[in-house]
């Protein structure tokens, strides 16, 4: 892997696009070749196309790069030769634009448009790395040179990572009430007048995504299709006045009755393909368990494992279900751009991109 | 009721004590006669004893009143003749001090010390007004002239009010994840450095209170003791960066399978003794149902019914339980001082205080 | 004044427009006849045209009113006969639309477009009520049946009110550093991701408005033109994470050297035409002086005088200038809709509208 | 410098003490030997003595260290041989305790107790490194083996750094209105109920400190005493809802009339002894100038130069003074622990500690 792969970022001006740019600085395998966004931004220098919202400086060479329109023709004119594409396009655009790119390039998408397509992987590298085989079928079915692979919704990712090690105890029911960060709504996102001294108990489409996506992610790929996992999931989603880091209050019903120590142990020991393959963006521990009585907390725990670990705490018996706990993940790192890059690393390491 | 009853407030300098003062201005039945607090405040003018945290002005005559020590002797020296006592003393003090006063006066307590005592009512006037009969037994058993009656924990009150009308459908299980306001922690309470850009997923003792108190409140008093209600309740409690107003995400399992319309109807039509008796602090509607997809919200709904109504929204089917909904209550009005005053009004109207 | 005047609100869906609606409920002199806004809202019911951001309920009859396009023809079709017009249109629209209405109706504008026009009053009723005579000249010059009169920028209004009583001491220099509320930026306004855990030290055009408008407001109308007041003003404007209420740190240089007591006295005793005329929206005290060492504060003082009083505190000697103080005003009440209604009341009471 | 100097931290459990611990991890010259605090904490393990408020993890070996009482005897029993002492004791304790230690050890103090003592340096290494010579006189006068040297107040430090390069233009007057972060008030500090949706326009003693300290820092040490600088300074101090980073709105009057470009140039080129000596904690640029119209902002700029640079923006002509600008500094890094360590590095490099 002596030569870095050249990447295009679709939706480069949005909140997740900015995270992609931030994380791909000095990435050992990938280098940014093209920044693409909607017509409104196309033709501008990147620094003039959007306010930079990261707390690190906008890299100078990125600042000067032109933003091109998010279509294949514009991107090909802009970049000598793109090897793969990250997409964080808004939902309404993503469907057709990603298909256009997928015909030619590996597309790693954070958009929801294709997540539930039968031939499209919904990937969390620690959980279902074998699902990436689906893209071969996808290429055959669609007659594509490239493919589309997707990452789940941010609040689903962190929850699903904690559910995976619980499967061995016979996972039956999951109830989650979320407290989600502002950055999950993108930019400009939530008006400050709506959230100051307030909580908004609704995020459009979020509960439906959580209730369907987790079943596919934790399902089995049999070479033809994914058979959904068989547990039930109910979500209630809230927006709170926090910058980054989704916190979830989770209640779990298991078939077996493990002790709290056994549960903690499976969380702590959980490892997946990214750890075994030592992928560049893989956290040492996908799940970190904290023992303080009042953790995890968004401001103090969101950066665990460079924002790629999910932090679990308050594991305790439940009067109705088997047990309850809190889990926290960084929604624009593990939950978005970081997760997307980890997915791409998996494909590359498996020779599929 | 031509003469107003003279009241003493124990814990008058705290956040709930200040609400009592605010709400008792111009109350038709009660007038403040004595302000009592801990030794640290005793001997000072009220305005020098604590920072006034209400958004209305501190009444001039209250500002000048002396704060006396919270013991019977000091209170009796201060007020010519006290008729009843409101207590919002901190938990560690409340137990013995309230017993001292209860021997002589009707004590309406917001503290948790005596809530689970077998001969002490845990009262929400709309739900279990018949429990007030317990104080007669209490007086006999303890040989007291006065009595102690208690109000539940703030996060319990609003939840219990919404549970009452659901009992008719055979309430089996309740799971609640709360997002609770800063004022619930009193003053100085939560340090700003802990809550800015953050959520704290722990409130000491809160989950235990919710899980036990609701069963007593909704239980039946058979003349000797309260038989707890038989449903199960699980709570997960969080502190969010909101000034006032607890928001709860609730999942409910019922024996029957009513439609969402039937559920909404029982919420909307719910009335209790305070409404029938037209008590001065009773809201017209104990439960207000909102239909917007993103309500209730703390900042916009906490003052419904002068802060005495519980606001419900997002009533929807649940994939696991029977249905789910959000409920919101003003934690220092309905959830504390307002609830305490409503309780006192019920006792007065029934001739018990 | 037996019949209420019928009013149209231009820009009715914005944050200030909503305040106009809120304040005109039950106004003794005015009733809302037409709600007008941009094309995007025209044709919708009011409740569907914008999210209601006030903490009081949206009145039912307003919710059902149609929003019409903000042009004379649409407004005249909608309202049988409009007597006067309140405008809180965005700056780019306001210029031409207000002129169109001004030809026919008295227009009370919160927009900045016409504030510095030579024949247009820039009115604060307590300060320069005699400036309203300018509209007679305006009508003659422009050949209009109606007129345009304007209210200053929100951060200017509260500062200018405190400057007026200082004129008697020979006002020479004013330096103000502001901490302005989110609602001053309208809706959706400031994205929450920009202001959480942050201050934004820039508000477009705000410093220029403060530095020019105050001189006109405090200037003298000689029957032909306004001669600007002769003091100097420098402003530095910041946006802080506060819902409502602009706070300003002010340094003042006077020719004379009054004591701090004399300064406090002129603040406290200050009265203007609205108080003498007992206009419905006039606060008893245009300026309220607080003596606590840490006041005024936005959350606790913004509603003084129903949000129509300016609250002053921390009057103290300055090592460089003559003295310094803090002042606070409610930016959407006194600083916008409330100020606009008070202006209209002045015109009505003087027989000019 | 092959052996690291062993340090004791007095006030190790406070907000600044925690920063000292965080910054001294892996410091090339210093290693933590003793953690001392008030009696309340003495005898506990560090992790049990205070909640850890830094966003990095509490180092394991620190967590297990015992906290000793902040007196010489206890410290000497705890640490084999301490070389120097950092103090962030609260003001009321600092005076006598620091003197006790100063008799024996070099004491680097963040407390205000000794700042204005005639024989005690008030040091900002970039500004007045020659003031460190005062400790020789101090040792002689007091008959001490050690000494006390102090760092200024946090809001003074960042302002003074920007004033230093302006001295060459004949600095005459400085007016500053501050917006200060919550961490400046220590822990628990500002109650969340006081600052949510609010600004507090008062910080006890802060304006007096700013108005006096800057004159000593920028004064000349003539071998006997410091002759204060001769400009005038007025401050107005406010607390805002920001975690870290003080922002100041500054108005400056100069004798000369440099262009805005010349001013920017002297800011940008400013360097001091720490840069020349390449001290470990010295930022490359003590002052960073930003050109965006809306910077500096606390959340985005406080970490410039690892929190050791002061960020300046919005340099512009002023209608009254010569010019105005905004400046921002990280109050617990440059403004407290980081500044203290930089001071110690200067003494060490000069052979005085």
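By letter and in written order, the chains are A, B, C and D; residue numbering begins at 1 in each of them.
Keep this in mind: contacts are C-beta pairs under 8 Å (C-beta built on N, C-alpha and C of every residue); 3 or more make two chains touch, one makes a residue touch a chain.
Just so it is clear, the model here is predicted, and its values are computed rather than measured.
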Selected interface, B-D versus B-C, where C-beta contact pairs are more numerous: B-D
Chain at maximum distance from subunit B, centres defined as averaged CA atoms: D
Computed distance of Cα centres, subunit D from subunit B, in Å: 47
Distance from subunit C to subunit B - Cα centre to Cα centre, in angstrom: 41
Cα-centroid distance, subunit A relative to subunit B, in whole angstrom: 42
Subunit C, residues touching no fewer than two other chains: 196-197, 241-243, 299-300
Residue numbers on subunit C that touch subunit B, as the complex places them: 55, 196-197, 299-300, 303
Sites on subunit C touched by subunit D in the complex: 173, 175, 177, 179, 196-202, 211, 232-234, 236, 238, 240-243, 247, 249, 251, 293-300, 313-314, 318-321, 324, 326
Touching residues (chain side subunit C, partner subunit A) in the complex: 15, 51, 53, 182-183, 187-197, 241-243
